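What follows are several structures.
In the two complexes below, chain A is the common chain; its partner is chain B in one and chain C in the other.
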Partner chain A sequence: MDFYLGLAQIIGVHTLLGLSAYCVLLTGQVSLAQAGFFAIGAYVAGMLTVLAGWSLVPALLISALVSGAVACAVGFPALRVKGLMLVVATTAFGEAVRLFFFNFTYQIQAGNLKLGPHGGEGFRQIRYFPENGWSTLDVVIFIWIVVALVMAALWWLDRSRAGAVLRAVGEDELAAQSSGINITAVKVSAMTIGGLIAGIGGGIFAHYTTHIEHIQFGVVLATFAIAYPILGGLSNVFGTLLAVIFIQGFLIEGLRFMGDWRNLLFGGLIVLAMNIRPRGLLDAGTTRALKRLFSSGKEPSGA
Partner chain B sequence: MRNATVALTALLAGSVLPLSDGPLAQDRTVKITGFGAKSGVVRVFGVNSEAAMKAAAEEINKAGGVTLGDGTKAKLTVEFLDDRCNAEEGISVVRRIASTDAFVAVGPTCSNVAESLFGILQKKAGDASDSGLQFPIIADVAAKGGLAKISEWSFRNVPSEFEMYKSLMAWVKATRPELKTLYGGVEKDFAHSNATFGVMKAQAEANGLQVAGTSEWLLNDTTFSTQVRDMKRANADIVAISAHPFTTCGVLKEMQRQGVKPKLLIGLTSSSSIETLQGCAAQAEGIIIPTSFAPVTPEAKKAAEQVAKHGGSADLHSAAAYEIMFILKDVIESQKIMAKPDTVQADRNKMREGLAALKETNGLLGKVGRTADREAIKPFLYVHAKDGNWVVLHKPSS
Partner chain C sequence: MAARRHCNRVYVPDSGFVVDYLDLIDAVQSVADGVLFGATYALLGIGFTLIFGVMHKINLSFAAASIGAAYVSLLILAGFKAPAILVFLTAALAGGVIGALVYLVGFKFIPLANPLATLMSTVGLLLLIDEIIVHSTDGVPLNYPALFSDVIIPAGPFNIRGDLVFVFVLGCVCMAVLLTLLYRTKLGLATRAVSQQPVASQLCGISITRVNLLTFVITGMVGGIAGAMTGAAIGMLSPLLSLPLTVKGLIVTVIGGLGSIPGAIIAGLVVGGLENFFQFFRGVTERDLYIMLLLFAFLVFKPGGLFATSAGRD
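On to the complex of A and B.
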């Protein structure tokens, strides 16, 4: 049981990472900076609980704010470029963040131990969960409450005028601009929201892995971040969740029994899935079909 | 589309079902699960560990197997899982193993994985306020210093690199007093290499060597011209490379291309392996490395042959995995472990207590001491690359 609960933790945190990229993708931008925001959240939250002795929730709020602020600051210059140039710019930012933490050392003496980030050797002993008696189930419940809140907020956003504006920019930037939408403001807002979510995800990640180091926040993680919403589909937030379950639950954990063949199948099955479902695992058509399925039994009798 | 869905569902179901397939005491087999990197640039370590564990299990089974707590004999079987040198996967793998009837796990390969998963273990055994996982893990490869002290459930059978390089640098000072300067090269993004370089550098300075500079590169780098150019400019007497075989060979080849010929080459423990010789035997000629394994005793020779039969190569890491299987056999017998589904947590506690109580174990090069913080004090020697082989250069203990 503990294994499945652990897997649920991973799926929850990666869903947050995927949702952070989902926000940006809604505006038609591909950002590889999400791993950088995730790293900032991880280090900030870890330092607040380990070095400052804060509780987890305020530490996560601060990590979200810091990541969001950095995303906002990065968004202004980065989002003035588009397409491949933006991919290059955001990749460079992600690598810059990773290399910052690669060189970042800030340790304090606690008894006979030194605590805090230690450059390339990482930041160990982020043991808030076990030290405060949280069981694996408690951690899972906490993570999924956060995931549910974030998904609900994005669901609401998607159905609000702001969501329509985001999608309008994503569908046709020129048309959106012609109708008076401030493109830069919309893109930077999406980047900021993405940064906030990545900051929370990173903060939780640091606490369930107990040790973080720069190498975890490289291009591979950034690629996973955008792969989740692209593979899952951008019609709604559940696509990202479905893609995370597919990749983390099935491709990585489910196929582990296949040994060396797993790595070969990993790439092959993603390509297969994208060919079978080119608009995402949960595209607009499937969403409509599901809606019809669930609403068919609720037709008013007089209709 | 429907067929694809059915196929995926079947595959998913098939992947989940094996979880309930734990080792059953009734058929008198005990499964020991190892885990480590079997993918990526360090996959060879996982491959070697698996082969070593299987070779040792075969030896133990040939000798009658292991005696369980109820007096019955059981055969050992080995399963090995790939964590891809990834901390999240390492945690997941250990949770998977801990969800079965397993009472111990052997691994991991990478120090960054060990950092994370030792962190999720209960820090102090019996501390009710700490909800960490209560499951003993004994590491064979993860070599970064001081990892076992993270949790009382974590153990290691890896050599102390601090002692090795302390001894080596003192030996260099005593036998080659004309060497005055050292230049370092480090695989900076790999926790083990980076931490060990700190040890090398500190010990070099402690023995009066002047560190003339350091070049840095990354585990996945394939070009080293800039770093070697700096090395050439420093013109140091000794070049100490703290990197794994893949980049060690890249650097050595670039040194040859640029004509860098130090008077002495020193390497990282993990590079005293067959991979270095396969990759760059000519360029590595003369490199000195301290290691806790060489086929110099009858036991070590036999182990090397057995590991080779199972498709691996015996080196200081896989030899540790081989030794661990015999350590586990002894602890199973001394702690009277039952290996039954209804005694899982009791068996885990007994295994932890048994491993913690060890003062000395039998190693392939001789007796291995155990420290209070659950680390090993292993005998070691210096080897150097000579004519495409690792040849013993010096035995510090003799």
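On to the complex of A and C.
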């Protein structure tokens, strides 16, 4: 049972990470900086609960705000470039954040323990959950409440005018600009929202793993972050959730019985999926088909 | 922190700004080694630039494929005691074959209008190639043969390592061949035509699929040589090399200016030199941090890179 609860935690946190990249991808920008925002959120939230003794929810709010502010500040210079240049710029930023935490030490003495981030050894003893008597189930419920809130907010955003503006920029920048949309403002806002979500995700991640290290926030995590929404499809937020379940639940945990061969299959299946469904697993066509299926099912009973 | 302080004391004198003569020599020596090794980065940068130039797509699996090609070239060493130069040639050939496979699996059947899909498929290929390497070598780093590793050329107070000079010269030869190919042959003309105006070049009877495939084969060969050069300069091969090389290759591409081969060459050498410069003065843990910040500054103040081509119509 604990195994499935652990898996539910991983899926929840990775969904937040994927959703943070989803916001940015909606505007057509590929950002590999999400792992950096995630790292900032993790370290900030961890330091607030461990060193400053805050409780979790305010710590998560602050970590979200800090990550969002950094994302906004990075967005202005980074979003002047696009395509390959943006990929490289955001990779560089993400790596710079990771290397910053690799060299970052800030410890205080608490009893006979030293607490706080310690360079290459990472940040140990983020024991907020055990100290406050949260069971694994409580943590899972908490994570999924946050995930549900974020998904609902994004679902609503997608249906509002702001969502239409985001997608307009993503579909055709020139056309969007011609119809009077300030594309820089839109892109930076998307980046900021992405940073906020990644900050929350990182904060939760730090608390359920209890030990964070710079190496966890490398290019691989950044790649996963954009892999979820791309693989799942950008037509709505459930694509990302579906892709996280597919990758974390099926490819990583479900294929564990295959031993070594699992890793080989992992890359191969991603390539295959992109060849078969270049617009993602849950693309616009599938969404429409599902909707028709459900509404046609309803009609007889509703009549 | 304490560990780094200790490191600094070994490398940088405590006497503040006065760097004494011996330290200066050490610094210059280390930067020179870096510049020689930078030829590898230059070749990788050229690969990224060429593929981007022709297809307007990023091939993130390029560096992994290069390392993979270097691994394949080790297979002939298993058969008999082959001279190192033969190993390098095999790496180039294997790189070409892997390049063609990458094109077929990751690009051919995915609609061109969807850049995200090919980005993702190359990420999948990167993971796949890495895992194939891990799987077939049990994740153990393998030794790689070097040429002239016992030659050390003394030049005044400096010692120049023979293997690094060989790597550097090989890199220069590759670049020269590549430039000739691009600017003096029909294939090069076709490649440049496709990169500028795909539709118009198709109307002139150029097969885009064929040009794309050939570009992948050629860049794959360049990558194979770059992989072999990395192996020769470091002395071993490990799948752990592929991600850092991917990042460095992309950095070189951007600093040099997208689509510019001379830019990629110069940026490769500069990044190689700076890397050792920062490593010398700030230690290995902070080295890449400064490279990343430098790149970020570059993108903010000079987004076009060193040799930006003027934006064409498209």
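Criterion: the second predicted complex is superposed on the first by the 296 of 303 C-alpha atoms of A that agree within 3 Å, B and C clash if a C-alpha of one lies under 4 Å from a C-alpha of the other, contacts with A are read in each partner's own complex, and residues count from 1 in each chain.
Everything that follows uses one rule, which is that a residue touches a chain if its C-beta (ideal position, glycine included) is under 8 Å from a C-beta of that chain, and two chains touch if they have at least 3 such contacts.
Owing to the predicted nature of the structure, the values given are computational and were not obtained by experimental measurement.
Applying the stated contact rule after C-alpha superposition, one finds that A:L7 touches chain B and leaves chain C untouched. Once chain A of one complex is fitted onto chain A of the other, the partner contacts of A:L255 are limited to chain B, with no touch recorded for chain C.
Once the two complexes are laid over each other on the shared chain, residue contacts for A:H211 go to chain B alone; chain C is not touched.
Of the two partner chains, both chain B and chain C are touched by A:N263.
In the superposed pair of complexes, A:G133 makes contact with chain B only, with no contact to chain C. Contact with both chain B and chain C is seen for A:G120 once the two complexes are overlaid on the shared chain. Residue contacts after overlaying the shared chain place A:T223 against chain C, while chain B stays out of touching range.
Of the two partner chains, chain C is the only one touched by A:L25; chain B is not.
In the superposition on chain A, the residues of chain A touched by chain B in one structure and by chain C in the other are 102, 120, 260, 263.
Of all residues in chain A, those touching chain C in their complex are 25, 30, 77-78, 80-81, 83-85, 87-89, 91-93, 95-96, 99-100, 102-103, 105, 119-120, 218-220, 223, 226-227, 230-231, 260-261, 263-264, 266-271, 273-275, 278-279. Note for the complex: chain C touches chain A at residues 1, 4, 52, 56, 58, 105-106, 109-111, 114-121, 123-132, 134-135, 243, 246-247, 250-251, 253-254, 258, 285-286, 288-289, 292-293, 295-296, 299-300, 303.
Residues 1-7, 10, 102, 120-122, 124-127, 129-131, 133-136, 208-211, 213-216, 250, 252-260, 262-263, 272, 276 of chain A are the ones that touch chain B when the two sit in their complex. Here chain B touches chain A in the complex through residues 1, 4, 8, 11-12, 14-16, 18-19, 38-39, 81-82, 84, 87-89, 91-93, 95-96, 98-99, 112, 115-116, 119-120, 122-123, 129-133, 144, 150, 188-189, 191, 194-195, going by the rule given at the top.
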